[in-house]
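Got a structure for you, questions after.
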Amino acid sequence: MLEQEQALLSQVTSAFPVKGKVMRNRRVEVWAESTTVSSILMYVKNQMGYQHLNHITCIDRIEDTKFQLVYTVFSHQTKMTLFVKTFIDRNAPVMDNIDHIWDQANTYERELREMYGIQFPGLVGAQEFILEDWDEMPPMRRDFKTEEYSEKTFSSLPGRENTQDVRETISTRSGEEIPDFAKKYSRD
Amino acid sequence: METKKDSQTIAEYIKNWSRKHSLFVMAYGTGCGAIEIPATMTSRYDAERLGIRGAATPRQADVLLITGYLATKTLKRVIRVYEQMQDPKYVIAFGSCTINGGMYYDSYNTINVLEKYIPVDVYINGCMPRPEAVIAGFKQLQDKIARGDADNGTRYKENLDWYRANQQQVIKNWRMPDYNW
Amino acid sequence: MVREKETTLYIGPQHPGITGNMMVKVKVQGDTVTKAEVHVGYLHRAFEKLIERRNWLQSFTILCRFCVPEPDPMELTYARAVEELEGREVPERAKYIRVMVMELARLQSFMLWYAGQSGSAGLYTLGQWSVGDRNYLLDLFEDLTGGRIYHMYIWPGGVRRDLPVGFKDKALRTMDYIEKRLDEYDKLLFDNVIFQKRAQGVGIVPADKAIEWGVVGAPLRGCGIKADVRIDEPYEVYDRLKFEVPTAFGGDVWARAQVRRQEARQSISIIRQVLEQMPEGEVYNKIPNPMKWKVPAGEAWAKTESVRGEVGFYVVSDGSEFPRRVHVKGAAFTNGVTVTEKILVGQNIADISFILNSMGVCPPEIER
């Protein structure tokens, strides 16, 4: 059971000071320091055949004032996916630029820079990738309140009360009773 | 046909009649509603039998279809496209999200009410509107043209200050040409 | 030779040849592209942010809008990620129905691709045919789910409802019709000298760089690399079905077109097999209280194969009623931005929209 996955894990853990575990078949994750991530990726790409970078993503762990970064790589030979995960400081988010390893990492990093405000030293490419003339805080951060911003900027017409139960509105308007079977799915 | 023939002069009647039968639609898929436009134009629904067909450039187009939500980045382009179009011009807003935000009411990047930025002639609701609904919307626009009520361009020019103020509230870096219509 | 001046051209966002709402900024010398930049963001609706504000099932209204031409892979991938987090079993019949829906979605997306690919070469007849015939597939979806474009049919724990009465016969009849029509499309597109001359040797993705560049889907298989999530990591019942993953050599528009031409036929064959083998039984493993459903904390990565390539969802839960983070990696994210920027260099201006169509660039999937 899961010998291939264990072999992959032990190969990475023997080469680098990382902790990791086998998540399930074909999924292995390792937790690394943010400074070693780029060397791990370089190693798994060049030595172990993990040539396909699936994606880079970020999760805002606002309660720990950290950003969690996830690098997902896939091997077309072994058909296994390796996740390299790391934490960086949320107040001064800086991460190594890896677009010399994979060119397309440039796109992911530009997106992260725009959406989370993570800086990648040496990253080329226009500051603006998706947004235009954005002057608030990076919008994908947890403490950015999108609804408040939307109300302030694009005020909507009346008639849209957010937490309104549609069934109640209809029943008061037409004088119908809400049937019992529908009540059990109500919000409170 | 509910055309008010009596209130129009013969020249106006002929002008409106011919206008309503040649609606050239701007080929700009601004949102997800654009996926039903090919279906509307091709063999099963065949909107071309009503005189509706595509036009590649703003200056040759009569109808601007706003197919769904507008991100602020697109809104800027849509305003430029709209201002380049020649009179008479008409705007059809497509989908629930143009009316009052729809399911994107809390998104930081999409506008909620299209009417505040450019004048709208006909709304087609639904998400997405079926091709039948699209054709019904076009039919309504044709009736409006025949009645002589479709004054989209004049409405925009008369209330330009109000529209400009709303537009500039959303588009922060305003680098747009001024026109002297 | 006179060295011509370099000019900047903006193809899009308002351009009849562009695939959706995006912009390609090219520098040209004479007729040759020397540098290309893909600009996206015209369709950014902040979906990943909005999902954090919806609960687990409300997210489905958003999910299907990630990629408009082919919404079902998004639903399935998310459902599979959530099922992995929760350990929820899916009934056998639902697995077959899911595969059928996926292949129907692929097929209708191929029909749109036929229209786009031929239209950008100036062959407009095929577009009229294939988009017209696509309506028959959308009719099947309408019977099944109630919607033409957006379905919200695949849910965590199965599918929303069983097949309607008489669906199997109707589906088989439609498949016979579509299969007959595909041969006629071939006569119009692949036997057409204009298309052959336009497509061969244009927009080449080099085979030795393809994996490293992150190319997925038909463009990768067009380089002779047999990579498909359906065989690499079989999901649902794909391991029980007989199908081929076609490949072609050359990596140009012609090779990608050949791959898609055969894939459309494979989809028909899969739908027939699924309809034959489908067992009776439940289709939905019920969620106890949908509006207050909580998913155990954890992280899951699921991927499926769409027409454009691999679609991946990274779903993070913190044990509450709302998803903590849903990251979507659409196939067009690499195919449509970095790869397109590279392969456009050295091509003619007239081929830009041709190449964009063959790469399957889907802007709403890139910027989400």
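Letters A, B and C name the chains as they come in the text, with residue numbers starting at 1 for each one.
Just so we're on the same page, contacts are C-beta pairs under 8 Å (C-beta built on N, C-alpha and C of every residue); 3 or more make two chains touch, one makes a residue touch a chain.
Since this is a predicted model, take the numbers as computed values, not measurements.
Chemist: Using the definition of touching given at the top, classify the network of chains in this structure as line, ring, star, complete or other.
Modeler: Shape = complete; every chain linked to every other.
Chemist: Per the definition at the top, count C-beta pairs in contact and tell me whether A-B or B-C has more.
Modeler: B-C
Chemist: Where the CA atoms of subunit A average out and where those of subunit C average out, how many Å apart are those spots?
Modeler: Going by mean C-alpha positions, subunit A sits 22 Å from subunit C.
Chemist: With chain centres defined as C-alpha means, what is the inter-centre distance between subunit A and subunit B in Å?
Modeler: 37
Chemist: Measuring from the mean C-alpha position of subunit B to the mean C-alpha position of subunit C, what distance in angstrom results?
Modeler: The answer is 30 Å.
Chemist: Mind pulling the residue numbers of subunit C that touch at least two other chains?
Modeler: In subunit C, residues 41, 44, 46, 49-50, 53 touch at least two other chains, as defined above.
Chemist: When you check subunit A against every other chain, which residues touch at least two of them?
Modeler: 131-132, 139, 144, 146-147
Chemist: Where in subunit B do residues touch at least two different other chains?
Modeler: Residues 73, 106-110 of subunit B touch two or more partner chains.
Chemist: Please give the residue numbers of subunit B that touch subunit A in the complex, ascending.
Modeler: Going by the criterion above, the answer is residues 72-73, 76, 100-101, 105-113, 169-173.
Chemist: Show which residues of subunit C lie in contact with subunit B when the two form their complex.
Modeler: It is residues 13-14, 16, 20-21, 41-46, 49-50, 53, 61-62, 65, 68-69, 112, 115, 127-129, 131-132, 134-135, 138, 148-150, 364 of subunit C that touch subunit B.
Chemist: Touching subunit C in the complex: which residues of subunit B?
Modeler: Listed in rising order, the residues are 26-32, 34-36, 38-39, 41-44, 54, 56, 58, 69, 71, 73-74, 77, 81, 103-104, 106-110, 127-128, 130.
Chemist: Going by the contact rule at the top, pick out the subunit A residues touching subunit C in the complex.
Modeler: Touch residues, subunit A against subunit C: 24, 26-27, 51-55, 57, 59-60, 70, 72, 76, 79, 81, 83, 102-104, 106-107, 128-132, 139-140, 142, 144, 146-147, 185-187.
Chemist: Report the residues of subunit C in contact with subunit A in the complex, numbered from low to high.
Modeler: Subunit C residues touching subunit A: 40-41, 44, 46, 48-50, 52-53, 84, 211-214, 225, 227, 232-233, 289-291, 299, 301, 303, 310, 312, 314, 316, 324-325, 327, 329, 333-334, 337-339, 342, 367.
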